[in-house]
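To keep things simple, chains are lettered A, B, C and D as they appear, and every chain counts its residues starting from 1.
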Amino acid sequence: MQQLLTYIPTLPLIGFIVLSLFGRKLSKPVIAAIGAGTVCIAAIISIVLGIAFLQTPPSGGAWQQLLWSWFKVGTLTVDISLRVDALTLVFIFIITFVGALIHIYSTFFMWRDADYARFFACMNLFVCSMLLLVMADNLLLLYLGWEGVGLCSYLLIGFWYDVPSNCRAANKAFLITRIGDTALLIGLFLLFKELGSLNMTTILQQAPGHFAAGSSTITLITILLLAGGMGKSAQLPLQTWLPDAMAGPSPVSALIHAATMVTAGVYLIARMNGLFLMSPVTMAIVAIVGAITLFVAGCSALAQTDIKRILAYSTISQIGYMFLALGVGAWSAAVFHFFTHAFFKALLFLAAGVVIEALHHEHNIFMMGGLRKRMPAVYITFLAGAAALSALPLVSAGFYSKDAILWYSWSAAGGSPVLWFMALAGAFITALYSTRLMLVVFWGEMKTPIHEQPNRGMIIPLLILAFFSVTAGFIEWPHNMFQVTLFADHVQRVLPETLMKQNEPSEALLQGIAALVTLAGIYLGYVLYYGKSGVRWQQSPGLSATRNFLFSGWKFDQLYSFVFVKPYLFLTRINKGDVIDRLYSAIAQGSMRMNTWLSVSQNGSLRMYIVGVLAGILFIITLQLFL
Amino acid sequence: MVITRYHPVHALLYLAVSFFASSMVFLSLGAPFVAALEIIVYAGAIIVLFIFVVMMLNLGNETARQEREWLKPKVWVMPAVLVLLLLIEMIILLFSNDTEPMQIAVVEPRKLALSLYGEYIIAVELTGFLLMAGIVGAAHIGKHKKEELHRFLQNGQGDQQKTKRTRKTKAITNEQTALHE
Amino acid sequence: MNSAQMVLLVATVLFTLGLVGVLTRKNVIFMLISVEIMLNAAGMAFVAAGSKWQQPDGQVMFLFILAMAAAEVSVGLALVLQIYHQHKTMDVDRLKELRD
Amino acid sequence: MILVWMISILLIGGVACWLVAQRDPLACKWTALVAVVAAFLLPVVWYLRHTPVVDGNAWLIDYQVNWIPAFGIGFHLAMDGLSFVMILLTGLLGILAVLCSWREIREKTGFYFFNLLWTLAGIGGVFVAMDLFLFYFFWEVMLVPMYFLIAIWGDFNRRNAAYKFFIFTQTGGLLMLLSILALYFIHGQQNNGNYTFDYFALLNTTLGNNATARWIMLGFLIAFVIKLPMVPLHSWLPDAHSEAPTAGSLILAGLLLKTGAYGIIRFVLPLFPDASAGIAGWAMLLGVVGIIYGALLAYAQTDLKRLVAYTSVSHMGFVLLGVFSFNQMALQGVVMQLLTHGVSTGALFALAGMLKERLHTRDINQMGGLWTAMPHMGALAMVFVMASLGLPMLGNFIAEFLILLGAFEVNPVLSVIASLGLVLSALYSLRIMQKVFFGQIQTITDPPADVSAREWIIMASLTIAIVFLGLFPQPVFNLVSGVVEQVVRL
């Protein structure tokens, strides 16, 4: 079993190498076979591995596979070494399985694109890096994967590079995540300085002995790690890149910017749970960041008109939920929400891709409408996804994961009613915008004619994902219903148990409130957006200021542009000629001027020379006389 | 008088007179040999050389007229004032330290010759070299330049000037680019 | 006021006169003539000094000056010839070839 | 002996090129290529045949004869792990430089290759000379032909750039000469008139941390940091790099800058351990300033080669930071940075040269959308742009990571500020891609051709090198560990 570990990241890597070297010479079916095939095989391997893991858990709770020693300098030893435990297994499963479905979908979706091979090369590289990220046994290898996924994200957001705005979006995504990455890197330095190792197991073992709980060092380290996670996972205040990242093709948004890469921050915090638990301050910050982000992003999603931007903001919001869960110490709930979110958000993006493709690349939801009858398959799957997103009670996977988070946000050790209330407001907003999305896109009258029906190959992945969006929640029921907690049992081999407060209100009460709020949100959305009222509501002048504010994502972009970008550009522009270089040029020019000035005396007139000599003699003799 | 004449030949004549005068001074200083040399070499050889050149270049009344034009007070007042200053300073220097009067004694040519070929032998040889170089140089300059001149004359005078001017402008542009950079 | 000083005074006057000549004249020939005067003055100063200390050295120096003057005049005049042939002028102010 | 052969093959090859070119320019190019390949295969073959056990501070080769015994000048060449690694880099980039200029140089081919080969010989000599007089000699040998390379085959502003380059580096060189002489006399006086220029003998000179030692050390240091370059002394670099021909930029960025860092590691630290420890804080500070300042300037440039040149300033700031951390990890990182920066920046300059050959401009505002026309070149550029911004998997990351990690243990604040350089490096690197390869294709009548076979060889070897260094850096670390440990112990 253990040997199979190597193949999971290697297969997509091979796909990447083959496609990037020979991609232009291969025919499209071959490219599709290589691109999708490698990931599918990896998915099968990971499922096999998962079954093996569940049947006979390895000793020590993890498989470990050393590939080669990366480098060894002084006291620092870094290996390229893979490690799979229960937590990693969940991530591997999602990455390869959802990844494989998205690859299959893209073989049809991208069929007419000229750069077919490049697309699959980047996608395969992404899968490889993402797998390395979650399978890494030391933080440096994790960082390698971390940057690798950033690179692929950059390449794929800017996939249609001939549109300048796409490139700008790609740059923005890379830079903002890079800021987080650098913080993460500094965190690594600090960790290494303190503990002398970058191996995750070693760190988690040694940390409790080395740091005092709540000491400033551990708080600093965890905040730096958190900053890395915030960059990658698009949490406040580094969230602005994700909506713009929607410039990439829809499968990219589904795979990278919904299902996998943006949850890397969640993985990092979950993986480093031992460190975070030692710093209550950071835990509180994580929870607060999550709560604020989910609320802010949800509000922004309400005002968007671009279907993919709505989904992007909802992704930010949902990851906010995960952070909230992590912050209150509900580790397994966070990972569980990641698990279900990957299914339904990938589904929503893929379905949105189908819709956009069918409508001549129309992104504005108010130019859509009435698609219910014309694209029934897409409609049904989208409905399943939207239901899961709005956490429709009992029949959607989203309910089970989000409900757990809501409950923990009140009653877990780190929870508080304020966080719970924020989360509840977020749930209401989520339901509202999901309903808005459904109603505006699929109900009403048709505004843009359908240009072609989607290919069957694209529908099948949608159906599979829809199936999981509905059923994935059944493996983990709330505590007060059935005693089915398969997921938590699995994950808690790695993650610590959630600590609870003593006298929390009854779980059923909170569940009931949450369900009611969700239904209220759906009802409000129905009232506001059904039929033509949606358009009227959108155009009402009284709200335009608020709407613009929310539409621009709370003006974060403008703020950053004002605070960072403009001063930076100004600084670089004024210094383009290099002040120091000017200094040297000034010396050179000074001597040049001296030269011209002195060369006046060198005028070739013999008599002038003699006068000069004479003046000199006079001067000397005068000196002699008077001194 | 020498320096104020317009006509070169007049100037040369006054120069000869001044040489004679100074040779008399030498004689009174007790240096008969030097006095003789003064007359022979300066008044004899050098003046003759000058006269040759004046004759070769055919400098006559023409030049005199030219000189008259050039020698305006505007031209000579400034240097004259400067030189006057110098003169005053030197005189002050001369008389600033009073020394005892000296008695004039004749230094014989024999003594002179002994010291010349005794302690100053190397200097004498160097002088020989200098004279040699002077002769060769004079001959060379006189001859070589003329050949060059012939070549230029064959190619045409304008051509030469043109090449010179282009070289100069090139140098200037180089300088300007350097400045510009 | 003794005779050595007198001689030196004469030499000085002679020197300055030569200098004035060099400075004021534009004609190269006149300048050369003035230079001769200056050299002569220098030589006179040497001889005066030599006779003051009753040594032959001053006269030896005069001899050297003499030789140098001869060489200088011969070379200088050759140059004058050439310059006149090339530029058809004897005006030093127009001969600014040294400039570049 | 093998080192003598290596250098003399280059020198003779250079002369041969000059002679052959008068008959046949093509033959001259082949002569140059053969000479470079031969010269650098020699140490490699020797290494493969002997495969010495690398440990401690083993000197792999040591060759010494008297040269001018009256002044204690010896012809002393020696090679240890550090030198060997640098020689390998010289070899790789030297071969590529010859290939780069295959079509670019059309005038005075013979003299061009003469200069190129002599520069390479000088660089090779600098890396192996163990006699300070000989070192200075090679230092000048590499300088003067480089001046000609810039001044004759450069771009529009070449004269100015060449002057600037020469004046800056020569100033440093003369200061170094003064220091060498001072050291020579001090050593001679300490050892009863046993005057010698030999490196190993001079190592035993006791100097301490007094004013004399500091001045002598500064003389060396200034020469090396001008070459490096450190920030207030960097201004020759953008001009020289952007005006030089492609191969010239390649050698300048890839090798000449490295001689500065090599000099610091080889001479400044071991000869003046106390004095250099005294100024370590300032040097690190200047390194960090260089990182940030270079990155800011790089972002503002519109001239592609100039942009890349300023990135060198930024990357070399890391070297300075690392060297003066006196930390094993940082020093290993420095050596790694020398190699990877040589490869990655060399590649970027080669790319800029190829672009200029096709588009006849270096202005990135006039480029754009070139990926459509040249997907292969775009992909190659992407690799090296990513290398320059420190993407893991490529060598630069390991170097910068180790330097920052090492520096962090010594001075966390500076290291954190230096880490900001990583963000800024992303800014300028992505700008290259965005301006040159992304966006709408400019209206060019005929789209430029993609990478040719010769260019493939150049870029492929560089790509392989950088990926190899990124994934399997251990052999390099093993080779230089002896030197590094020795320096750290001081």
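Some notes on this structure:
As a convention for this text, a contact is a pair of C-beta atoms (placed from the backbone, for glycine too) under 8 Å apart; a residue touches a chain by one contact, two chains touch by 3 or more.
Note that the structure is predicted; figures quoted are calculated from it, not measured.
Interface comparison, A-C versus B-C: the pair with the greater number of contacting C-beta pairs is B-C.
Overall, the chain located most centrally, as judged by its C-alpha mean against the mean of all protein C-alpha atoms, is D. Comparing mean CA positions across the assembly, the chain most remote from chain B is A.
Separating the CA-averaged centres of chain A and chain B is a span of 93 Å. Rounded to a whole number, the gap between the C-alpha centres of chain C and chain D is 62 angstrom. Averaged C-alpha coordinates give centres for chain B and chain C that are 5 Å from one another.
Annotation for chain B: residues touching 2 or more other chains are 79, 82-83, 86, 90, 178. Looking at chain A, one finds that residues 607, 611, 614 touch two or more other chains. Put simply, chain B touches chain A in their complex at residues 79, 82-83, 85-86, 89-90, 92-93, 178-179. Of all residues in chain C, those touching chain B in their complex are 2-5, 7-10, 12-14, 16-21, 23-27, 29-30, 32-34, 36-37, 40, 44, 47-48, 50-52, 54-60, 62-64, 66-75, 77-82, 84-86, 90-91, 100. Remark: chain C residues 19, 22-23, 26, 31, 92-93, 95-99 touch chain A in the complex. On chain B, the positions that touch chain C within their shared complex are 2-3, 8, 11-12, 15, 18-19, 22, 25-26, 29-31, 33-34, 37-38, 41-42, 45-46, 49-50, 52-54, 56-57, 59, 63, 66-67, 70-71, 75-76, 79-80, 82-84, 86-87, 90-91, 94-95, 99-102, 104-105, 107, 111-112, 114-116, 120, 123, 127, 130-131, 133-135, 137-139, 141-142, 145-146, 149, 168, 171.
Taken together, the chain A residues at the contact with chain B in this complex read 589, 592, 607, 611, 614-615, 617-618, 621-622, 624-625.
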